[in-house]
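Okay, so chain A shows up in both of these, paired with chain B first and chain C after.
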Partner chain A sequence: MNQSRSWRARGLAAVGISAALLLAACGGGGPGGEQGPTTQAGASGFNAGSTTVVNPSDKKGGTLKFANEGDWDTLDPGETYYAYSWNFSRLYGRSLMMFKSAPGKEGNQLVPDLAEGPGQASSDAKTWTYKLRQGVKFDDGTEVTSADVKYAVLRSTDKQTFPNGPAYWEGQLDLPSGYKGPYKTPNMNTDSAIETPDKYTIVFHTKKPFAAFDYLAQQPNTMPVPQDKDTGAKYRNTIVSTGPYKFENLQPGKSFNLVRNDQWDPATDPNRKALPDRIEVTLNVNPDDIDNRLISGDLDVAVTALGVQPAAQSRVLQDPTLKENADNPLAARNWYTSINPTVAPLNNIECRKAIMYAMDHTGYQTAYGGQFAGGDLATTILPPNIPGHTAFDLYPAGPDNKGDVEAAKKSLEACGQPNGFETNIAYRAERPKEKATAEAFQQALSRVGIKLALKPYPQGDYFSSYAGNPPYVVKNKLGLALNGWAADWPDGFGFLSQIVDSRVIRPAGGSSNTSVRIPEVDQMLDTALTELDTDRRNQMWGEIDKRVMEEAVIYPGVYSKTLLVRSKNATNIFVTDAYGEYDYLGLGAQK
Partner chain B sequence: MTLPPEVGTGAETAAPEAVLVGAAPAEGRSLGQIAWMRLKRDKVALAAGVFLIFLILVAIFAPLIVRLLGDPPNEFHQELIDTAGGTLTPIGRFGGMSWDHLMGIEPVNGRDIFSRIVYGSRISLLIALLATLLSVAIGTTLGIISGFLGGWVDTFTSRLMDMFLAFPLLVFAMALAGVFPDQAFGLEGNQLRIALLIFIIGFFSWPYIGRIIRGQTLTLREREFVESARSIGARRGYILRTEMLPNLIAPILVYSTLLIPTNILFEAALSYLGVGIRPPTPSWGGMLSDAVVYYTQPHFMFWPGMAIFVTVLAFNLFGDGLRDAFDPRANR
Partner chain C sequence: MFAYIVRRLLWAVLLLIVLSMVTFSIFYLIPRLAGASPETLAARYVGRAATPETVHLTAERLGLLDPVPVQYWNWIKGVFTGAEYDYGAGVETCPAPCFGYSFITRQAVWPELLDRAPVTISLVVGASLIWLIAGVTVGVISALRRGTVFDRGAMGVALAGVSLPIFFTGLVALAFFSYRLGITAPGGQFVPFSENPALWAYSLLLPWITLSFLFAAQYARLTRAGMLETMSEDYIRTARAKGLAERKVILKHALRGALTPVVTIFGLDVGLLLGGAVLTEKTFSLNGLGKYGYDAIVQGDLPKILGVTLVAGFFVIIANLIVDLLYGVIDPRVRLE
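Then we have the complex of A and B:
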């Protein structure tokens, strides 16, 4: 999923540093001094919210305050593409399927939302049928029909109107050629892709087998949009709600509130508790300010859930009372480094292995923020919270995880470069963590004579013009390139398809995958997508992971973790593995 | 302290000069000798000058100093970082200050701040000095030509200076440094970055000195000794080199001393904004930029901030003293 948040956060940090200093000085407050009344004896303590419900409650009412350090990418369900936004969108919209509002691994389960049950597949996994619940209404009182869902999906395929949205539908659905969405080609017959035989039935046809279709159906793109109220790119400010909350006083770039939607009928919705009366969201708030307000209790949720800033990180981890009220969930994200076999001498697998062995693995972890804010040492591509993850370590980094220098030297000899070689490492200039990682690589690899030069590139064109542009990589000898990936949904396909399939590499640049070019892996991915048995399919993702690691073209750095501060006012707090964030649907408020 | 010029005080401050003249009545003194005598009496400027010499020596002998007193500037010391607690801040008080690490260590990777400050002085001074040299060369040449020739040449040059002064330099510098390729003009990596920074800073700050030189030339041009040289048929080139230039040495020296600190700050600003020197090469501005997110670790920001502050202050004090020493009408 989109990962361009942190630079923006940093830019804001730099601009607002004086304000933040001021607030740090006066906003300290006494931690633990004013703890709200403990409603019920639930689990508590450091990281309790990652697996259990903290402060469980069924009490309705109250207000929750959210803050976002930047602007929302967009609230339009047809375009939004951030994990936090998908998590949040379940408050105001209902997609065909959704991730269960439950703590930990249980949150990875798909449950029917607008649909009555999971999709019914044809035997070739190319036709998927959903039955809609009856009696679901828009916030203006009109009933939701299958045509509204079809319209919502079709409008999201218009990438000129919604350039930043996910591109799965137009890639998978069997749309007629030349179809450009309902705005530009309104009269084209799209029954080859989506049929609506009656008001409550919708049938999808894909070009190729797509066994994990229910994951597509949980995307906010399937949240119904009434055609007569659709205003294209401007719909983001006038969204018609189907969930328990609707928008109030939406001021783009500043703030908006969610208030109860009286047309939402709990009888049609087994998944939502809808506890708070109001949710107030402020946009463009300084990230250090957000941390301080979270700690003081003035704010409930840092909605982008990127974890606290370094300043608050040391404060929270040093103070036992603050640490007790923090969670440290695993995000379904891997911060890794591509080792490009197109750059000599890395075309020799032994030279690639030398890098795998020589790197100081704990140095990678520290550069990303350490064991709490950074993550766990990764040895595979799939993170542990993705179904299909298999634990293995093909390149052990020594007993202290500081790298196996002896093994690296042996690999270098086998590669015919006993004294090491020179190459470059690319990273995104705006990201201090990537800079620190590149520096760590430079230090660690110098132990075996591999000389690295650091090459920072602007984040905006990182993949299109530099590290993801194959000719540029070769010409500028970018042997290593820092990279990271989070799945669009917690599933092997969602995680692997964009980073290990050699067919996504574009000659003109733009792909996250630059280093994995293994025809056998492409085959394995295709085979897995025809497998309708979930357990068998998950096992296949693990096999693909291992096959890629054997080629030593990816150095897995850390399975990303974030340090989140738990709200003092909120109840029913838990992290869902589906997003690696607090489940915004579950939260309640004391007052 | 400093009073507006009055007849009474003016007479008093003129006294040292009278003494000077009295002490050695036999021979005349050159402007340089007089200036040096006066500078010697300005304790603040002298102290600043001594500090600047010390700083230049530090920059030159950085590898030696670091070998004796610190660790290599890019070496990691993550064993001195609180990785177990996860805060990634230096273990120990005052940012891990110890005899091994005189100014403490950086959070996260634990590099020795002392040696990074010492090495950072090289980048700061090198870029600031060479950029100043560049702008002084351009500024003096164009300033003299403009003032001496007058007419359309003067008009053209003056408008050119206005244009350069109105240029949004910082924005342009960021854009240029951001899009510049990694290899150009036979240079690569950091060498190219340094050359680029020198060019940007030097090429765009020449009008400041150019205007002053033009003004000085305009007044000198009408002086008697120039008139007389011209009347006996001296050629333009001769007048420029022999009559004008020596009389311009003083303002050139003074204003380049005052331009250096501006350039140091500008380099620091560019490094801070991430368009300066490539990491991991240490530079003061870059260190400040790294320190921003760790505002709970004041030592990390304190040392590079201090280094910039003291250096800029020393250049300014020295430049002020130099100006007073060269200016016979200076009133202290």
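Then we have the complex of A and C:
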């Protein structure tokens, strides 16, 4: 026996096994409010938390336990970009404006936080002035000034250091050419973008009119950051708090706690009750374990608010006691399918309309988990909880919502494809709901002769390399691509700009907009941003929605809903429409 | 003997280099060969609303614009000589062995690996002791009482243990023992041994038992088969004929012969698990190497993946070496040269 050869073979085999085991493990994450805000408190029952305060209390003290099934994207207010994180960030930071801590639609209202009042706009909507409250302090006792807010906003525009954050600020502010943020270009004068005439005044200048500026001002990017304590990309682990809580024992990727910030003065803050003494957050927790712990009372909040896993879903919906303690809010999210006009024969609008009519709408809903876990049938791009949503249905799917086959056939004839055609449908391989939706499309469209081939792609590269990569889409004839979008903030611009503006499409791939290329819509978006009247502006978002739908380049699937389990320990539980999640600022603890 | 160990260690280094090349290629060379540009790769590590300029800056920051061999060389260089990392407000030096910085969390990988290793080691040490003792004991008794109710019952349970996946047994065990009865710790608990040995054991008791249930079954079946075979060997008959006590015949002669395959597989199992007990750690939300690797794969965080792969490979190679050395002790017929 040749020992050395055997050892070598065994060693190689063993290494191969270990690598295979690691790689085999590969495989695998939205916000949700019902309409009709009420302020009546003390209701209970299924979905009561979507519109009212459940278990109201002003009792201070106790501990709340939060868990996240993954890692936090980042706690740095200059870079975080998840609805749950923006909701949560109000506990430790104060931005110029904020969403009111209130149930249902009332939560959509912007109220001044660090600022004394809403922004004062110039007549051209390009200059916005905010006055800061006096006496607000960082957790080290230093007073917050306008320079700290300016610095916070400027640092967040450094996209080499903060690549994951929202791109609105550098896109909108009139920054000097060549400006790369305060780290790389510390001596460049930035008064063209932000001025701080005194300690408590900050003035923003935008390149183009931006009538919805208060929505920008509510982003965590305006939470002040002290320059002498800023550590760039590492600041996420050493955040200086301005809210009622500060960080304790932050262990990246594992856990952190929020404890009371003794420098927070309630006299400067009309928006926060700050009820619990302590909030403990655990990261990277198995989602099924999160559900079990929520149901048993060992945990209070599943912070990402994606809803319970399928295993717990049926348990909660079938057990009356559990169901009574669950909420089913509407998220500011639409699960939809892009219909790409760059792929023949979908360059012909009639062929696109054929798809709109032929699809079985209930199949879409079933694929996403039905009425409770999936959501309501969508006929528009804007979900109902976004101001500006207008109800219309340009492509009625028949009385049973299973598709209008006759209308589809007529459209096919008008398209010159009376017997149907062949194309492909892309979806994210790791998402069973998307696969089920693709299959529902395949089945429904086959009724009119449209043959669909399923094309699964890895979700990590879905937009960058495949469904969001324009040359790839054309070359591989991806006529349809499953998609979904949640609002950056509850406003037409916050929802629409990234998915219907053709100027966000990147030639190298990576954009969620894969199918909407309508110059008129781009123009309509720009016009809406010059409108300072909120009601009129909201109406314009609805018009844009309709214009896009007329082109049949988006098939709206469901307005997403989530099934959330209420904590046994928490008080003041309610869903805010601003995030479609429990309002983390309002929660209290019994013990 | 010494020369043999040195030779094996040199092979180990070579294997680790090949392993790192293969992992690197899977993530960077193959997509590039398939036509992906550096920007396409960088688009995974930016926000959903990032502009093309941000994507380009990220590609530059992550070194994706360099040719792939240069990227690999830079990584290898970091392992031996350390690396520097620009975090915006300054430059941080990562001393050797620098396995790079995570693309996502912006933390240095090596300290994180060191931080997570105790969790995995604690899990594996406890579980492996339980499964080895329980598995071998049950296997021996089953072999000696072949065909009895105990034998059939034990082998039935063993079969269930091998068949049931840990993400099922783990979740059921957690739901029942931790959340209903409240006698074991809930998921995600880990107290370092140095802090409180009793709480350490308490927090890991359920993961230990669940993991060992899976493995003990294999060991019981393996030991039983080995014992049945060796008990019919001539030298056992000779030992009995010499008048040795049955206990001595079984423990000193039969079990020793039956243990060789058990030790082989034990070494491999422990080595593999030390590299990351992926499913157990994920089921019980334990922040060990396996979960670290799993999360990194899901996020496409290459520096982390490379780090875990190399650590896993290292453990497997070392475990193999130890097993090979142990052969010489257990089986007198094997001599290492």
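Note that the second predicted complex is superposed on the first by the 550 of 591 C-alpha atoms of A that agree within 3 Å, B and C clash if a C-alpha of one lies under 4 Å from a C-alpha of the other, contacts with A are read in each partner's own complex, and residues count from 1 in each chain.
The working rule: a residue touches a chain if its C-beta (ideal position, glycine included) is under 8 Å from a C-beta of that chain, and two chains touch if they have at least 3 such contacts.
What you see is a predicted model; the values in this text were computed from it and never measured.
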{"item": "Which superposed partner A:G509 touches (first chain B, second chain C, both, neither)", "value": "second"}
{"item": "Between chain B and chain C, more extensive residue contact with chain A", "value": "C"}
{"item": "Touching partner for A:Q313 - first (chain B), second (chain C), both, neither", "value": "first"}
{"item": "Partner chain in contact with A:G369 - chain B first, chain C second, else both or neither", "value": "first"}
{"item": "First, second, both or neither for A:G70, with chain B first and chain C second", "value": "second"}
{"item": "First, second, both or neither for A:V136, with chain B first and chain C second", "value": "neither"}
{"item": "Chain B versus chain C as contact partner of A:P252, first or second or both or neither", "value": "second"}
{"item": "First, second, both or neither for A:V558, with chain B first and chain C second", "value": "neither"}
{"item": "Doubly contacted chain A residues - partners chain C and chain B", "value": "10, 14, 17, 21, 288"}
{"item": "Partner chain A, residues of chain C touching it in the complex", "value": "7-8, 11-12, 15, 19, 22-23, 26, 31, 36-37, 39-41, 43-55, 57-58, 60-61, 87-90, 92, 104-107, 112, 171, 174-175, 179-180, 186-188, 268, 271-272, 275-276, 278-279, 282-285, 287, 290-295, 297-300, 305, 308-309, 312-313, 315-317, 319-320, 324, 336-337"}
{"item": "List of chain B residues in touch with chain A within their complex", "value": "74-76, 78, 81, 83, 85-89, 107-109, 178, 182, 189, 274, 278-280, 289-290, 292-297"}
{"item": "Of all residues in chain A, those that touch chain B in their complex", "value": "10, 13-14, 17, 20-21, 24, 288, 309-311, 313-315, 317-318, 362-363, 366-367, 369-373, 429-430, 432, 435-436, 438-440, 442-443, 453-456, 458, 476"}
{"item": "In the complex, chain A residues that touch chain C", "value": "3-4, 7-8, 10-12, 14-15, 17-19, 21-23, 25-28, 67, 70-71, 81, 155, 158-168, 170-171, 181, 183, 230-236, 252-254, 282, 284-286, 288-289, 292-293, 295-296, 298, 460-461, 463-465, 469, 488, 498, 504, 506-510, 512"}
